[in-house]
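Below you'll find a set of structures to go through.
Okay, so chain A shows up in both of these, paired with chain B first and chain C after.
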Partner chain A sequence: MSLPLYYYLAIASIYILMTWALYLPYRVAHLHFMVVANMAISGYFGGYAATQWGWPFGAALLAGMLIGALLSWLVSFGIGDAPTFAVVIVGFTFIYITKTAIENWDLIGGTMGMFGIPMVKNLLLYAYLFVLVTGIFIYRFDHSRLGRAASAKFVDKDLATSFGVNTKHLGMFLQTWAGAIGGACGVFYAFFMNSLFPDFFTFHIIGTTMTMLFLGGYTTMWGPLLAAPILWGLPLILPTSIASWRQIIYGVILIVILLLRPEGAVTRQFIRKIQVKLKLVKLA
Partner chain B sequence: MEIFIAQVINGLSLGSIYVLLVTGFNLLLLVAMIIHFSFPVVVVFSMYMAWIVLGLTGNNIFLGVAAGISSAILFNIITAPMFQHIMKKRGEVDINSTMVLSMGLGMIITDFLSHSINSGFPIAFPDNLTGRAAGPFIQFGLISMSRGAFLALTVGIVFVTGLFWLLYKTKQGRAFRAIAEDPNGAKLVGLPILKTGLQSYALTGFLGGSTAILMAILLGSASPGLGDQLGHKVLAVSIIAGLGNLKGGLIVGLSLGILEALVQGYWTGTWSNAIAFVIMLIAILVKPKGIFGMKL
Partner chain C sequence: MKKILVISIVLLLAAGSLWAAGKKEEVVAEEFVATEFEIPFLNCLTGPIASIGEYLQWGAERAAWEINQAGGINGVPVKVTGIDTAMSPEIGTVEMAKLSETALVAMGPVPEPVIMAAMPIAVRSGLYSFTATTSYEYAMQFFPWSISWFSPTDKKLPPVVTAWAKKNSGMKNVVQFVENYGAWPGMAKAHVIGLEAAGVNVLKEIEVPTDAVAFGPLVVKALAENPDGIIFAANAEKVAKIILELQSRGWSDNSKILVFSSADDGALYTTGGSNINGVMIYNYVDPGLDTPRWQAFREAFKADHDGMEPFSLSPNYYDAVYMIKRAIEETGVTGDPAKLKEERILIRDFCNNVENFKGLFFDWSNENGVPKDKPLFLFEIQDGQKVLVEKVVPTNK
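Showing the complex of A and B:
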């Protein structure tokens, strides 16, 4: 496999997972940007554990997921049922604090970054296996009672509560799960790149993943799966002079999709139409 | 003690900027029901517009100020239909969409500024605007206050007082608040919803443009990332105070300014900003609906 293709596929897998990490809490209308901080913390932990303590990739991945989940779970006690804007600002604040801590911590390379993270054989295969397993879990969630409860909470929190949905526990569960995925993304990224820099974990990841989520569609898991590789690949095939305006391109796409198709490209109705065409389900 | 007093005075100047930003943000939230997360990014955009015109006109302050204020008003009015389109249905999810739309606008502005103006390098405002060359405006021992800080504080107090007067003591202010409270009821009693909504965008634009000039005077420079950082602080202040709570925003905005100045006075380095963020984070986690209560 050529290096550019490997690089494209590697980062595409990270963006698919990151967009799913945003998608899950957004099922209850939470834009949980803290997953970017989870990604940075777990990525640095995984990188440090591999370079200094000689941990294998699997152990680093598991630890990264646990750290991400634990941090998100602890924070979710405060914002599990908070309004969206509070969840957003907590995410931004965590990113800022994490970035400042990394930049000022010489042990993990500070502003210079962390180098020498070992290469892992078949890492791309592991990444896509992880995407597959995560996708299966999300699919099962979406088609479960919990998934329907999340949809009810998204539309009308009071109605969901009156139906007996514990909106706080549901929010906490989804934020914790998203934190684990964010943590895994950090470890995968660290081992793909073999180095880490604090400047990567900034607000441009939020802009990119948010555009992927809203362009693909936030009502089904298929939207992010479709939009992430396309949007990540788009600047790679454009001329460099245009591709350098990536954030403006993403911003314009985000605004246009919000104005013209607020639920995104792949909606539940769209999936239903395809299922009917493929005769997977009968027309009700 | 002198350091403490000096930092409190500096903090009040910085806090008055936060108060202006939070008030503009809250005004849009109350009247137009939008979470304009990138309102501070628009303010930084106006600072850049003022800088460009100052450069083109040989540092003509009048034209620079006019460019800063008019660009913010124009930007707000031009983008208003987008927000109104999304806000056709009023509800929590639609408010969230306005926040995402605003973030999209912020991404475009920030990337535009970092690509197209001054090759992405920070810009510096001329001395005849900032008054840096004239030295401190007030000086008692260690306590000193620059002309910019004095101007930011006094103009900030005047603007916020004027805005509160407009909102709570005038007919137009009652119209703003009535639309925020119950848009259908306001329509029923004959209030022009569209016109009043546009007036709120224009008023917020004026407030944003004026804040841009005050920031140019107080800080003396700007960078493309400044808007994002201010955006987080403004939303945090607004949440801590209680979203849409103007009086709460005044108190928390000034408190944040003083807190930051004190931390910078006693704890130098890049950690100082993070400490303010940690305190804000704790406040939001403990009271996610605000100290003074939401006014939505």
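Showing the complex of A and C:
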């Protein structure tokens, strides 16, 4: 495989996973930006464990997921059932705290960053296996009772509660899961890049993944899967002469999609239509 | 009859194949003649530091233009191609991966986040890239596939800070403002070494938050230490605002303020105005130099930038293009894609140990990718201009 394609696919896998990490808590209307902090913490942990303690990638990945899940789980006691706005503020705060802590911690490179994270053979394959497994779990969740409960909570929290949904536990579960995915993303990112820098994990990841989520469609898991590779690939294929118009092109696409399809490009109705066409389901 | 026909066809095909193979060998044996030397430049042409990217690009293209006017590199024209990473590490990786397959040599990436993400790919692919705007501490991570434009920070900065301290003989206690970004804390540490060498005590380091907009509390904290000197390692605009805040609280002796090189940017002068007259600043280039080459560069820059003076980093990639030119000419690099691997190494080894390179401002030599004898300049700011006070040549020893 050519090197440019390798890196395109590598970053695409990170964006798919990170957009899913946002998608999951958004199923209960939580914009859980803390996943970016999880990504940074686990990424640095994985990088440190590999360079200083000689941990293999698999162990670093597992530990990164556990750290991400644990941090999100602890925080979810406070924001598992909080309004969207509060979840957003907590997320921003955690990103800020994490970045400041990394910058001030010389042990992990401080403002200079971390160098020399080893290369891993077949890493791209592992990343897409992880995407596949995560996708299967999300698909199963979306089509389960819990998934329907999340949909009910997204529409009306009181209605969901009256149906017997424990909205706090549901929010905590999704935030914890998202934290684990964010943590895994950080470890994959560290091993793909072979170095880490505090500015890797800032608000640009939120901007990019939010665009992917809302353009692709936030009502199904397929939206991020479609939008992430396209939106990430767009700046790479634009000719240099119009590269300076990139932000405007993004903006126009975002406005057009949101005007024409407020739920994003891939909606549940759209998926249903495709399933009917492919005769995967019968028309009710 | 049928048998004869089949045998004839087989023989014809075999003869044809042999002829084609011979022809192919002839083509391979022909000497490769380059029609153009393309130097890709991984730069930030859009995004938060697009203005810096523009003047880096301008310097590189100016060098290519001058070289082409003078007949090119060994008679072959040179072209600098700007590749925009928009300061995105992710885009930087893919663009560097593209270059790693075909480029003879590269320039960039810019700045540190993209360097960190993209340079490991260059190292893995054996592509030599000019990281000419970052500090030694970043460049050395990727040796020998990168080049450091500066000496190690803890060697190059202390002498110029010592020189400043010695000019203010009564100065005994200093407070330093430091912003936590990239190599800046390391530069702040080097300032301390220089001050200690001059017998000056650093009372306190005040951290300047990256997102700070109000500086009153920071200045109060600094003045509470009762310093008689102030030194800065922070962003240009913040430095100017802090100086204004210091003056509003009674600070009057600007010569006892030293600003580091990374703040030698337009924002320092536009925000500071005449209030920063007398402030001392150090940098790697002397804009007051009176040589025809520098004056031509300066006038061309001003003509293309509404009369603005060239920024301190503008010459870096100008010099890099000339260094590549010299490497190609003196090592006999042809640009033949079939010899890509060995010609990359020829350029790398030449540049990493170049002797008496004629830069825009001064001549210098490298040793294992690190400059041996590049000077630093201490200036006094007067009406938006830098007036040379002292030239200092640090050693790497």
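Here is the rule we go by: the second predicted complex is superposed on the first by the 266 of 284 C-alpha atoms of A that agree within 3 Å, B and C clash if a C-alpha of one lies under 4 Å from a C-alpha of the other, contacts with A are read in each partner's own complex, and residues count from 1 in each chain.
Throughout what follows, a contact is a pair of C-beta atoms (placed from the backbone, for glycine too) under 8 Å apart; a residue touches a chain by one contact, two chains touch by 3 or more.
Please read these numbers as outputs of a predicted model, since none were measured by experiment.
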Touched partner set for A:110, first chain B, second chain C, both or neither: second
Touching partner for A:232 - first (chain B), second (chain C), both, neither: second
Partner chain in contact with A:46 - chain B first, chain C second, else both or neither: neither
Chain B versus chain C, judged by how many residues of chain A each one touches: B
First, second, both or neither for A:223, with chain B first and chain C second: neither
Which superposed partner A:183 touches (first chain B, second chain C, both, neither): neither
First, second, both or neither for A:248, with chain B first and chain C second: first
Which superposed partner A:64 touches (first chain B, second chain C, both, neither): neither
Which superposed partner A:171 touches (first chain B, second chain C, both, neither): neither
Intersection of chain A interface sets (partners chain B, chain C): 100, 103-104, 244, 246-247
In the complex with chain A, residue positions of chain B that touch it: 35, 37, 82, 85-86, 92-93, 95-97, 99-101, 103-108, 110-112, 115, 228-229, 232, 235-236, 239, 243, 269-271, 273-274, 277-278, 280-281, 284-286, 288-289
In the complex with chain C, residue positions of chain A that touch it: 2-4, 6-8, 10-11, 100, 103-104, 110-113, 115-116, 119, 192-197, 199-200, 204, 232, 235-236, 240, 243-244, 246-247
Interfacial residue positions of chain A with respect to chain B in the complex: 29, 31, 75, 77-79, 82-86, 88-90, 92-94, 96-97, 100-101, 103-104, 154-155, 157, 203, 206-207, 210-211, 214, 244-248, 250-252, 254-255, 258-259, 262
Contacting residues of chain C [partner chain A, same complex]: 45-46, 50, 81-84, 86, 88-91, 93-95, 97-98, 100-101, 112-113, 116-117, 119-121, 124-125, 137-138, 141, 180-186
